[in-house]
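Shared between the two complexes below is subunit A, which pairs with subunit B and subunit C, respectively.
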Partner chain A sequence: MENTLEKTDISQRLLGKALGQKPALPLSENTIEKAQSVLKKFGIPEVKNERYKYANIKNILNKTVLETEGISARENYPIADSLSVLNGKNMLVTVNGKVVKQEISEAFHIGTIQDYLAYEPQISFDEADSMQALALLTAQDGFHLKIGRDTTEPLIWLNITDTKTPSYYATVNCIESAAGSAAEIIEIRIGRNAASFTNQYTLVKTHEHATLRMAATDENLHSFSGVFTVHGIQKKGSTFSHSILGTGASFMRQNISAEHEDENCHTELNGFYAVDGERHADFQTVVKHMFPNCTSDEMYKGIAAGKGKAIFNGKVYVARDAQKTNAYQSNKNILLSDEALIRSKPELEIYADDVKCSHGSTTGQTDTKSLFYLRSRGIREKEAQKMLMLAFAGDVLDRISNESLREYFSSVAENKLMQLI
Partner chain B sequence: MSDSNQIIDEAVQSEYKYGFYTDLETESAPKGLTEDTIRFISGKKEEPEWMLDWRLKAFKKWQEMIEPEWAHVSYPKIDFQDIIYYSAPKNAPKYNSLDEVDPEILETFKKLGISLEEQKVLAGVAVDAVIDSVSVKTTFREKLSELGIIFCSISEALKEHPELVKKYIGSVVPVTDNYYAALNSAVFSDGSFVYIPKGVRCPMELSTYFRINAINTGQFERTLIIADEGSYVSYLEGCTAPMRDENQLHAAVVELVAMTDAEIKYSTVQNWYPGDKEGKGGIYNFVTKRGICKGERSKISWTQVETGSAITWKYPSVVLKGDHSIGEFYSVALTNNYQQADTGTKMIHLGKNTRSTIVSKGISAGKSNNSYRGLVKIGREAEGARNFSQCDSLLIGSTCGAHTFPYIECDHPTGIVEHEATTSKIAEDQIFYLNQRGINTEKAVGLIVNGYCKEVFNQLPMEFAVEAQKLLSISLEGSVG
Partner chain C sequence: MLTIKNLHAKIGDKEILKGINLEVKPGEIHAIMGPNGSGKSTLSAVLAGKEEYEVTDGEVLFNGKNLLDLAPEERAGEGIFLAFQYPVEIPGVSMTNFMRTAVNEIRQYRGQDALEAKDFLKLSKEKQALVELDKKLAGRSVNEGFSGGEKKRNEIYQMAMLEPTLSVLDETDSGLDIDALRIVADGVNKLRNENNAYIVITHYQRLLDYIVPDFVHVLYNGKIVKSGDKNLALELEERGYDHIKAEVTA
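Right after this comes the complex of A and B.
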């Protein structure tokens, strides 16, 4: 009985903590004030919050979490062998947001988020999203990663959540890629011990003509939940891409936003997700075209089975000055069972006239004609279905340029699809 | 570029044709909204007791509700106590022939291009005209009643067919549906009522013209159309208002009920006063329109051409309850100057093998904002449901906005939902091609825009299609991008 009492008021306790206590991070007064007013205005998101219409965070927190702070269960973390396929030479390991291990080349430099904030205490966030405000106000730790020009190998980031009791914890990171640099970061989200809730906010700055490719998978997050936010700020001529594989967590909300601060930027967002059981994968993307001659390309594809829920909400914003913008957005879903559900909301908000913006969204099944064709060639139904699904996933996965990463993602997706069929 | 700027300026200056005001003696309720206002309206209409109770219940609900703010429009808060909720042309309760109608009213309709007179016999359109709050004239009633068709104002229906009204009013749009529907339920003054009996195909287009005339009034009409088993009806609706500096509120509710094998085709050409080029004045058009395909194989089709109103907030929807039922939505929404439109549709698939089609064409010019907002929902039981949506936006000039907010919710594995949207401007090569053929730029734009809207215009009844095309060319006059 005592347990349930504690459970029901966890979001209230979190709110009290965020609004009543001094934040652990050295944020500027202004930022604290802003974050607190956003949190006061929107609270912990519930279904009435348009942004979180299908993701009742309050409910999830109250159901799954006992503590408002994550205390890690152990100190040492051997790097998982299963990931050796990625051939990571640069390795960064964080536990509950804190850096515990780094094996990185000189092109990367890692500091703490505290040091970064001491130097730059104004940190921008989306003022319509109270989870980002909550992350800033409640985070204990985080890192500041600087990427120099001479990177050759991708950086593998093992993002481990490990708590003794089911807890909520927040972390704030900042990744900055130097002008003219080209780098790749692969984030492997891993959950250990008690199923916890992560609220992670990552600010990504790509400077002039930098290229940064990020990828993330929640395959090893199992019964964990979390809201993961990536906010990208792009300078002139930069390229930012983010690919996400959502196949593991029991609840994952991935917010990705990219804002162009100058001309000739390119943003590419990819996602593949497969949900079964009672799992919930939720993707919210925003691309803000603020300057002329920028492009963006989004492709999200997913499959929902069992009682799974898959949600996509993408927004393309084109400001008045952003002439010659070319933006494309595509979301395709397959629904496999009676109890699964798909929600899709591709949005366009356009204020410039000389632009090409389009989006498409489809929801349906595997094509019966294609299935029949394969079966008429002597292929078993299951095998045929697998082939079609892999081809479906392939459209997204083929967009990943790093070959070993593509293979790794493909094998994870394939394993998952075998479970679904 | 200066050329096109000049042409855009010209377009901005083109006048609203229907902005005149007719000096009619009117009888109004005092300003403001209280229970007494509702009792006054209900009393004026000599309504039965249950209707008054229903209105008062709606009023209570409305007081508990808050004004919605989610639409992509911005406007100063409406003072609901500063509106006259009932205004009627004096001495005009009932007419048996046109000779009895106030000549001023007839003149008004002439200016609107609506002829209630004999030429309508040739055109074969039955008209119900509503000025401010009261239905002025319904034509062809006798001829229609021979077939058992009821086409009259809703106040008359309340007197003559109360059982039908009681059964269906609020059955599609419940009192608590939304803020403006609740307001309308409390204060609705008049509107049209149509009942098509079993197996009857209505031989003519039924048509209603709405006009807000008096100052400071709101118009709250309520339309109820019931198509019984195997019947068919095509219904047209047109609206205009005088030019005024202050905003006027129009909050209507339209309910359609289609039984087994019935078909309702509902077309609207909405041309309320859009405000002047500075964005001053104009109608707030906050309308709830919904139809239910109750029976199997029934069909409801909405076609709308929206060129007027300062703010439009309108989502004609279809609840596809009967198996194999069909819902359609065809829309052209044009905004110019400071107009704001947030319009679209909802297709709620509940029955098996239900189908819906959405074609939405948005055109924005001047400093306007035009949004498409739609919902396609495939319910848990909606086996084999199918939807196709297409919404295109055309931007004319670089100071306007075009937006798309489609919601897609699919809960059944056999459901297929497809949505596509594009936003672009008129391509220079298209204009160049037409220029090359000796067609000047202005005409070329007209041609291209008309071609762009053709899919929707094709759905309109002949007479309306012509009117819509004319309207579009007036509203767009010269706005070459």
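Right after this comes the complex of A and C.
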């Protein structure tokens, strides 16, 4: 009896571990204290938590997970055929947060997060988000990726979760783009064996005039769940972009924030999601304009079918000194069923007066006029719907600059759309 | 080819078509004229299969098949084409992809093999030239950023590509200047043969100087109230619709 009780209340056990044990990562005392107080204050998020209003993490953990640490089920990780288009590029493979394989050009350097923290033990995180605090306190592993100037091919990061039993695990990474570098990273999240829950925190630093484009897909996460956080810190004149394809995981929460630490920064955040069955995809973006002459551009589009849920919450903050800010945000949704749910909440908080900011949010059905036009030309209904949905997704997918990756993402989206219609 | 018998249709609670009868044979051109709001576009939409319109009575036979039982795409496969009064802009769907899909879907329906990419391109160029459609437009999204005249010429280009046997042109002339009108009319005349037929819906007599109809019908208040030859169009031009309205209400 006692045993089962203990097993089911995994979130209690996780809290106990995070608050009562010394963290595995070499965090500073100060960071540990801060993280613990955030975790005490907010607990493991449930509906009361404004930040996670629609994402009851406590419930998901208690329902789906048995262990507080991910133990991998095997040693060898063949790369699935569907990913073969991505072969021949720089390849980084992690399993449950641990680097197991790296085939990378000299422009990249991979170390451990432990080594990074030994130099920089004050890792910053969002002090209103207890999942980030929890990640820092419970992570076992992670990497520190440094990107130098001479990258040519993108880096493919196969981010594999592979667990014997349904488990929670956390990982903390840091990605740093050297001044003047330009690179593209594609994160392919993959779930193997027992469906587990990932809590991943990635700090991204783009140094002066660096360009970093990241894209991630959860298509291969299937019945897995997770909270994935990316926090971008941008130095002068840098560009940071992140594109997410949310088509696969049973539950995914993607937090993205970007903070400008100097002038002339550009942030671009994109997402396309399609949820069916009882799947849940949840996006929370925060762009903090702290300096003048910076721009940000966000476009999230998605489709909800069946009993799927999609949530978008985008915040743009413009500080008083951030004059000449140009911030654009758009969220468009299509609802395919009565039982599907979309929540869209754009928020603008502007304290500067000389800025251009706009945001828009729409939720609707597929356009019957367009559908009829296509069908009247002999195109079968399903095919016509697919064309319209792909066009809808295209706005977002077109923003992936690398051609073969764009094609890969498009084909993933296309396959998903075929299942929805 | 086409037989419409006592066709009634409504949208919501509003009855729009109130008993249409029309017979179209291969090789014929029928003009349908009539004041705004009389139901011309509704008739064309019902023929093409727009689902918002509910047919409450009557039947439509197309080459012996019950047209009203078919989905819009099946009607297109059978040989019906509607040139829209207001062509729809579809951002993100390229003209080329759209037309290649349409041509091959229709070929499949008709039991023909898909066109090879180079044959499609050749056909497409030929038909673009027919209506003097700017090559640049093929690279754009469907109708997006097209001028009014380009949209109408695009409709005729699509018609030429899909080789229908019955084409319904819904006010293809409206918004066209005289040069564009001539281009569109020339296109239609070149495509015309003894096996296909046209229903040309228009407001003005002007188009009928170029596309000469065999029959002219006046649609008013959901019914064909008068039919005649091309002289009827001239008469309407001269005397306006008011005297027809008066005749009908009398």
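The working rule: the second predicted complex is superposed on the first by the 411 of 421 C-alpha atoms of A that agree within 3 Å, B and C clash if a C-alpha of one lies under 4 Å from a C-alpha of the other, contacts with A are read in each partner's own complex, and residues count from 1 in each chain.
Heads up, the rule we're going with is that a residue touches a chain if its C-beta (ideal position, glycine included) is under 8 Å from a C-beta of that chain, and two chains touch if they have at least 3 such contacts.
Computed from a prediction, not measured in an experiment: that's the story for all the values here.
Asks: Give one of first, second, both or neither to describe whether A:421 is in contact with subunit B, with subunit C, with both, or with none.
Replies: Neither subunit B nor subunit C is touched by A:421.
Asks: Output check: A:343 vs subunit B and subunit C. Expected answer is one of first, second, both, neither. What do you get?
Replies: After superposing on A, A:343 lies in contact with subunit B but is clear of subunit C.
Asks: Determine, under the contact definition given at the top, whether A:391 touches first (subunit B), second (subunit C), both, or neither.
Replies: In the superposition, A:391 contacts subunit C only.
Asks: Is A:372 contacted by the first partner subunit B, the second partner subunit C, both or neither?
Replies: So A:372 only meets subunit C here.
Asks: Quick check for you: in the superposed arrangement, does A:182 touch first (subunit B), second (subunit C), both or neither?
Replies: In the superposition, A:182 touches no partner, neither subunit B nor subunit C.
Asks: Tell me which of subunit B and subunit C touches more residues of subunit A.
Replies: Subunit A has more residues touched by B than by the other partner.
Asks: For A:110, decide between first (touching subunit B), second (touching subunit C), both and neither.
Replies: Neither partner.
Asks: Which partner does A:383 contact after superposing on A: first (subunit B), second (subunit C), both, neither?
Replies: second
Asks: Once the two structures are superposed, pull the subunit A residues common to the subunit B and subunit C interfaces.
Replies: Common to the two interfaces on subunit A: nothing.
Asks: Quick one: in the complex, what on subunit B touches subunit A?
Replies: 70, 72, 378, 380, 393, 395-425, 481
Asks: Taking the touch rule as given, give the residues of subunit C at its contact with subunit A in the complex, in rising order.
Replies: Interface residues on subunit C, with respect to subunit A: 48-52, 71-73, 75-77, 81-82, 84, 87-88, 90-93, 97-98, 101-102, 105-106, 109, 141-142, 158, 162.
Asks: What part of subunit A is in contact with subunit C in the complex they form?
Replies: 368-370, 372-381, 383-384, 387-388, 390-392, 394-395
Asks: Could you please specify the touching residues of subunit A with respect to subunit B in the complex?
Replies: Going by the criterion above, the answer is residues 50, 320, 323, 333, 335-338, 340-365.
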